[in-house]
Every structure is written in C-alpha cells, then in structure tokens.
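Across the two complexes that follow, chain A remains constant while its partner is chain B and subsequently chain C.
Here is the complex of A and B:
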C-alpha cells in the first residue's frame, strides 16, 4: 500500500525560538492511500495544525511532509491536490450553490457548461439535486455541510481533509452524516483525513486513528487496538474514559506493579459477600442504555457500567466487582 | 406591561427634532426663488426662477465647481486604494501595536478640522510645497481614507476569514481570490465608502481653507458670496446643486450597504 501522506519528524512551533509554543512537536505519521484516517484529541492538541500542515496553510518549522511521495515543503495550498471541508464550511456567500461547487473548476479555466454539469453531478452525490440556484444563506446547517463537501470533491482530490465537519450539527443529523461520509469514502476510494475531538466519532468511522496530546501523537492504530490496548494513561482516559489504575491498585486487582486500564463495561457488579474486590457505591449516573456506577474501593474511584435490566444498587451500598483478568490492560507508555 | 407604541409626547418631541434639523434646508430652497436679492427677507416678497439663469451666466461659479469636483474625485480614488489596502492589513494580520495603529488611522476624522488644517499648512511650508490643487487633495485624502477604511474594515470583519483560505484551497491564485471572492464581497462597502468620501470632500471648508492658497472650492466660494450684498439667491441656487451632489451619493451608499448585509448572509 502506498502512503498518501507521510510526516517525518514534523514540527510546527509558534512564537520566539527561546520559548516556542509547540503546536506540533516531532510527529511521525503515515496515512495509507484510500483509508479513513482520524486525528483525535482535545482542543489545542495539535490535530488541526496537522491538518493545516497537509493543506499547506501552515508551514512546518521542522521535518518533512510528503503527499504521495512528493515533498510538499515548497508547494502552496492552491497547487496541492488536496481539498478541505472547513469547520465553518466557508462557503462563498455571494455565489449560489452551483457556483460554489463549480469554483474549483472555474479557477482552472473550465468552461461554464462543463462546470455546471460537474456541479450538478457533485450535488447529486451529496443528495442536493435542485439546490443549485440557492444562496448559502438559504440553506440549513446540514445542507451547507453537503455543499462544502461537494465543493471540496469537485477537483477530484487525492486526499480530502475534514476539519471537525460535523461539529455544528445536531445529534441526529450528525449520526446520519457519519454514515454518509463513511459510505462516500468507500465509494470514491479517496483518502479521508478527519479531525475530531469526539472519540465516539473517531472510533466508529476511522480505519485507523492517531490520538494527539500536547502536539505529539500519543498512540496510532486501528480503533479496536487503541480502545483495547491504550498505550498511555492519557489515551485510556480520552478514548472511552477508561478506569486508569495506579500501580498499587493494579497490584490489588491482580496485575503487576504498573499503570493499567480497565474498561467500565468489563466490570461486573456482584453481591458483596465472598468476593476479593468490594467497595461502596458513591454515585449513579443514568445513561439510558444502562447506568454508570462510581465505586470507591482501596481508596480509588472506579467506574463500572451496569447494563439496563439489572438491579441498580442504592448509593452507599456495598457491592462486589468482578472481571475477566484479560480485561486488565497493563500500559507500557508514560503520561 | 411593555408597550411597543411610543407615547404621544415622545412622538411630538421626535417630530419636533426632525423639523428643527430639516426645516432650515427647505428655507435654503425657498430663498433660491425669492425676488429680493440683498437680504434674506421672510416671507419672500415674490417668487421667480430667474436666479437659475443668472447663476448659469455667472462665470465665477464654474472654476470653483470644477475644482471641487476634481478634488473630490482624486481624493476619493486615493482614499479607495489606500483605505482598502490598510483595512486588508488591519483585518487580516495581527502584529505588535496593531490597536495603536488602528487609532492613528482613525484619528484624522476625530481630530478637529482646524488642527488637521493647521498641521498640514505648517508641514507644507516646512517642506516648501507651494499651495496648489494637490495640497487640497492631500488634505481631503486624510479624512477620506478613514471613511473608506471604516467601511472596508467592517466588511472584512463580517466576512468569514475562511473563504479566502477556501478559495486558495480550491486552487485559486491570489489574483483569482481577490477578483472572485474578495472584491465581490468588499465591492459594495468600497463603493459606499467612496461615495461618502466624495460627498465629504465636496463640501469640506475648514481643511480646504488652510491648504488651498489662492484657489476657491465651491463651498469656499459660497462663503465669500454670502458676505457680499448682491445677487444672494445665486448662492442658494448653488447650494441646491451642492445638496444634490452630496445627497444623492450618500443615498446610494446607504442602499448599497443595506443590500450588502443581505448578501453577506443575513438570511431571507
């Protein structure tokens, strides 16, 4: 498999060299051609800067970026075969939808007839047939999102960059768009690079994902790998809010004297008598599909997911906790 | 309960205020038709249209009118070029001292005209620049730039910054981005700024007095005419011309910026 995008020790520092702000710090990354790649992290973790490094709106202060093997260090954004769906869509307010979508072709000098035909094709791809004459201001958020998508795809980019594209949509629309984006990606076979702070979105959509923390990549892998075997405490907590157990507690739970991660859904709540691990229920949060219990035990707060239909204990009650020993994941990385 | 209707007293006060502001303008129009030419006598003893003919025949009106039109045109063109460039720099970049420079740009319009006039006059004499049409144009350009800048910078702020990046992202070079994205979004604001600047320059008196030397622009000519006792209504005829020349562009500017807010995404 060819690499669509490669980062080799890429850094982007802002501010003076004496006290730089390291937005991106020595990132190594390979994005396979045709894959759906997610960059996941909290705000300020460097994921958006990485996206802007690929589109060319930021220049690296160190390292090399290659797009399909070509070093793009000196190539400005308008000459990269990469297009972006911007977070606020950035549609041209003075143009109608058709001209917005055809813009990339217009600046290349394609004649109006071809342009309009292509724009219609793109609009039907995103299920917006017949909206060509509307102005962006006359569209709903979800429709603007689709126009932005059609506009970015009209140039047939090799890599499509999406900067939190679903952030402004409501939950229902968001889920529908997630499915559609995924379907579109596998149909077009284009490499999608998707920036999000929503771990659920990243897990459900991506073929592989990179978890960013403070300008560095904390872990990179398939969603299943990252979820099941978080490398650091940060990843365990950020992706699926796992129970991060300090070395002493890990030992008490039957593991080695190291930091470990134990997913709340792997814990079974049992009766208190006759089990090795028993604690006091300190909080209950109702989630609809189940409840999340907070249990204080050995001086640590542990979260356990209680499926719906099981009896929910009272706060203050003593409960037992059981789990399959293989669910306790010992972390190798620091931080 | 909150009431959407204004009380009678407030309505009367509002109407009274508007009348106070605008009735004198009607008087200007009225005196252009009076038969009495030595003093402004009210009510006018009779009405005539002869002063329009007299004004047309008076040769001393034309040079000031041409000068005013020329000065306003050149000052506006200068202001539109420089004002746009400055607003682009101020809206799209951030640098140390940006707020202070923004204040300096706006200062000429906040500064009393006498100060601007005096400072320009002494600067011109220090630099040994003889007074000419160009010194008037420079004087006017100082505040015309601010008008264009204010209009353009407000539009820049309302533009989503992403659209310029989106244009580049889709393959446009900087000229294409300027031509197809920036200019259409900035166009009405620039035109409105230009019209206001033109109107402001056309009837400017104070700065002109300090920078004109021997020449007279139309407003200065009018000021001189009022002191003389003869053919006073001619001045009023000219006043009507000035009124039209400044009011029409301002009206157009108003409608342009109003339309602009709709295209910029105010919705249906």
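Here is the complex of A and C:
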C-alpha cells in the first residue's frame, strides 16, 4: 500500500528562534492511502498546524513532507490535489451554493454547463439537492457543513483534510454526520485526514489515529490498540479517561512497580468484605447509561463504571473493587 | 435562612427610572434618539435639496435677468447646449478618472493595512492616511501648484535624472498635457487623486478587513492562482468598500470648484459653473440644474453598480 501522506521529522516552530512556540515538533507520520486517519489531541496540541502543513498553508521549519511519494516542499497550495473542509467552512458569501461547489472547477477553466452538472452531483452526494440557488447565509450550520464538504470533494482530491468539521454542530446532527462521513469515505475511497479533540469521535470513525500532545505524537495506531494499550499516561487519560496508576498503586493492584492504566469499565464494584481492594466512595456521577463512582483507595482516587440497574452505593460507603488481571495495562512510555 | 440582600433591588433615582421607562417602552428610546437627526435630515437637508430642485424648474428671463417662477423644463434643455454639455462631460470624465486612479493606488495600501498591519503598524497606517486631512485643503492645493509648476520640483527632478524627455512627451499628449503639469488636465487629475485618496482607502480597508483569511485559503485550496483569488473572491468581497469609496471620490470631484481654478487649464467643471452662475451671472435656475446633474449621475451609477451585483457581499 502506498502512503498518501508522509511526515519525516517535520517541525513547525513559530516566533523567535530563542523562544519558539513548537506547534509541531519532530513529527513522524505515515497515512495509508484510502484510510480514515484521525488526529486527536487537546486544543493547542498542533493538529491544525499539521493539517495546514499538508495543505501548504504552513511551511515546515524542519523535515520533509511527501504526498504520494512526492516531496511537496516547493509546491504551493493551489497545485496540491488536496482539499480542505475548513473549521469555519469558509464558504464564499457572494456566491450561491452551486457556484461555491463548482468553484474548484471554475478556476480550472471547466465550462459552466459541466460545472453545474458536477455541482448538482456533488450536492446530491451530500443530500442537498435543490439547494443550488441559495446563498450560504440562507443555510443552517449543518447544511453549510455539507456544502463545504461538497465543494472540497468536487475536485476529486487525493486527500481530504477536515479540521474539526463537526465541532459547531449539535450532538444529534454530529452523530448523524459522523455516520455519513464514514460511509462517504468508504464509498469514495479517498484518504480522509480528520482533526478532532473529541476522543469518542476519533475512536468511532478512524481506521487509525494519532494522539497529539504539545506538538508531538504521543501514540499512533488503530483505535482499539490505542484504547486498549495506551503508551503513555497522557494517552491513557486523554483517550477514555482511564485510571492512571502510579507505580506503588500498580504494585498494590498486583502489577510491577511501573505506571499503569486501568479502564473504569473493567472494574467491578463488589461488597467490601473478603476482597483485597476496598475503598471509600467519594463521589457519584450519574451518566444515564450507568454511574461513575470515585473510590478513594491506597491514597489514590480510582474511577469505576457501574452499569445501570446495579445498586448504587451511598457516598462514604466502603466498597470492594475487583478486575481481571489482564485489564491492568502497564505503560512503557514516559509522559 | 434569609439572605441580607433583597431579591429586588431598590430604585436609585432618575437614571434607574429612565432605564425602567425605556425597558417598558422599548420604542420610546428609539424615538428619542432618532427624532433630532430625522428632523435635521428631513427639514434642513432634504428641504434645502428640494428647494434646489424647485429652482431648477424655474427659468431666467433673458432680457430682464429676473427669475421667472413658472414651471418649465427650459433650463434643463439649456444643459444640453454644446458649451454646457462640454462642462458636464469634462467633469464626468475627470471624476471617473480620479475614481479609478484613487482605487488603483488605494488598493495595495488598504490591502496591506487590512491583511498584514498589526498593532503599531496599524496605528501608523491610520496616521499616515489621515494626517494629510488635518492640514488645510487650500494649503495642499497651492503646495501642489508649486510642486507641479514649470520651475517646480518635479521638472527639476526629471531634469536631474534625465527623464525630462519623458515628462515633455507626456505633456505633449493632447487632451491631458499642457504647458506644464500645473497648467494641464493631468495636473488637475494628480491633485484630485491626492486630496481624495483617504476617502477611498478607508472604506476599502474596512471592507477588506471583513474578508476572513480562511476565505482566501479556501480559494487557493481549491486550485485558484493568486490572480484568480483576487478576481473571484477578494475583489467581489471588497466591492462594497470600493463603491463606498468611489461615491466619495466621484461626488467630491464632481462638486469641487477650487482645484480646477488653481491647477490646470481654465476649462470649467460643474462646480465652477455652479459657482459662477449663482454669483456673477445670477442665473440661479441654471446653477440649480447644474447642481442636479451630479445627483442624477450618482443615482445612475449606484443603480448600475447594484445591477452588477456590487452589493451582493453586503
């Protein structure tokens, strides 16, 4: 399989060389052709900058970027067959929806009729038939998002970049769009690079994902790998809010003297008597599909997920915790 | 448990009573705010415009020189006499040229200020654009007369660097050239462009400021070259600003009667014609009819601009 995008020790530093802001710092990355790749990380971790390095709106201060094997160091954005769905959609307010979608073809000199036909096709792809004559201002947020998608797809890009495209939508619409985007990607076979700070979104949509922290990649792998075997404390906490256990606690839990991660849903809450691990309930958060208990134990706070239907203990009660020893994941990475 | 602060706070006096009054009757505040300016606009401004319009439908008695207060289109017909039509066309061409000249010079400045200038540089930009407006208009025009004169700095500099050939060639062009820059239509043009330039830069800059960077990136992302982005995104989005600026430069040039008197040939412009007709000639109706011409031209101009979609981005 070819690599759609490759980063070789890529850095993008801003500001003076004496005190640089290392937005992206020594990133190595390979995105396989035809995959749905997610960049996940907290705000300010360098995801957008990475995307802009691929589209060409930022130039790396170090390293090499290849798109389909070709070094793009000298290629301006308009010559990269890579298109972007912008975070604020960036639709042209003075053009109607049809002209917005057909814009990429217009600048290539495609004639009006072909352009309009293609624009209609794209609009039906994103389920917006008949909206061609409207202005962007007359559309809802979700519709604008679809127009931005159609506009970016009209050029049949080799890679589609999406910068938190669902961030501005409400929950229901966001979930519907997640399914649609995923379906669209597998149908078109285009490589999608999807930026998000929502770990649920990244886990559910991506074929593989990179977790960003302070301009570096903390871990890269399939969602299942990253979730089950977080490499660092940061990843364990950021992806799925795992219990990050310091070495002494890991040992008390039956592991080696190392940092480890234990998923809240892997902990069973039992009666306090006759178990090795018992602690005091310090907080209960009702989640609908269950409750999240905070249990103080061995001087640390441990979260356990209690499925709905089970009796919920009172705060201050003493409970026992049990888990399958294989659920305790020992982390090798630092940070 | 009762808290020491009441749920409803006591009224503190007149300011609170007025706030309450306006809150209960939201229209009232609007009325209070709008009445004085509407009176001004309606009575003083539109009223005098109407009086002017009225005058233009009167005519002047050729023998007695008295104004004949009977409705007639005779005065308007007079506008179409060769010598008057000449004035109108000359003014129109000059206004259009000045507007285009201002737009071309203003664009890069406005673009730089909107896109790149930040903090201190933005302040310097505003200062640089506005500073010329602080000195007297007459001083500036007379200064230009000296700059453009045959013995002035431009001729001197052209001689110095050996470009007087080019200067003379330009001055030899019929229609825009003349004896020297200060006595040529080109000179008038230069001074007009100079004095009205700020009125073009500022609205243009405001319009460009409203174009988000992501819009330009989206255009490049979709494959547009810089020139295509300029033509299809920047220009249409900046158009309302360009039109706003052109309203200033166009109408200020059409109404001005001082610059053509000081710099240029003594050929008359509308402003000068109005000035002379209402003064020495005492022909108020014709002066009024002349004054209506720029208004009509501006209305036509704006109608065309609207048809062409210049305000679509508003």
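Keep this in mind: the second predicted complex is superposed on the first by the 335 of 335 C-alpha atoms of A that agree within 3 Å, B and C clash if a C-alpha of one lies under 4 Å from a C-alpha of the other, contacts with A are read in each partner's own complex, and residues count from 1 in each chain.
Everything that follows uses one rule, which is that contacts are C-beta pairs under 8 Å (C-beta built on N, C-alpha and C of every residue); 3 or more make two chains touch, one makes a residue touch a chain.
Since the structure is predicted, the reported quantities are computational estimates derived from the model, not experimental observations.
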Partners on chain A (chain B, chain C) - clash or fit: clash
First, second, both or neither for A:108, with chain B first and chain C second: both
First, second, both or neither for A:318, with chain B first and chain C second: neither
Touching partner for A:92 - first (chain B), second (chain C), both, neither: both
Which superposed partner A:282 touches (first chain B, second chain C, both, neither): neither
Partner chain(s) touched by A:136 [first = chain B, second = chain C, both, neither]: first
Touched partner set for A:83, first chain B, second chain C, both or neither: both
Segment of chain C intruding into chain B (one of 9-17, 27-35 or 171-179): 27-35
Shared contact residues on chain A - chain B and chain C: 55, 57, 76-79, 82-84, 86-88, 90-94, 103-104, 106-108, 151-152, 155
Complex contacts: residues of chain B adjacent to chain A: 160, 162-163, 165-173, 176, 180-181, 184-185, 263-268
Footprint of chain A on chain C - complex, ascending: 212, 214-215, 217-225, 228, 232-233, 236-237, 309, 312-313
Chain A residues touching chain B - in the complex, by the definition given at the top: 55, 57, 76-79, 82-84, 86-94, 103-104, 106-108, 135-138, 151-152, 155
Chain C-touching residues of chain A, taken from the complex the two chains share: 55, 57, 76-79, 82-84, 86-88, 90-94, 103-104, 106-108, 151-152, 155
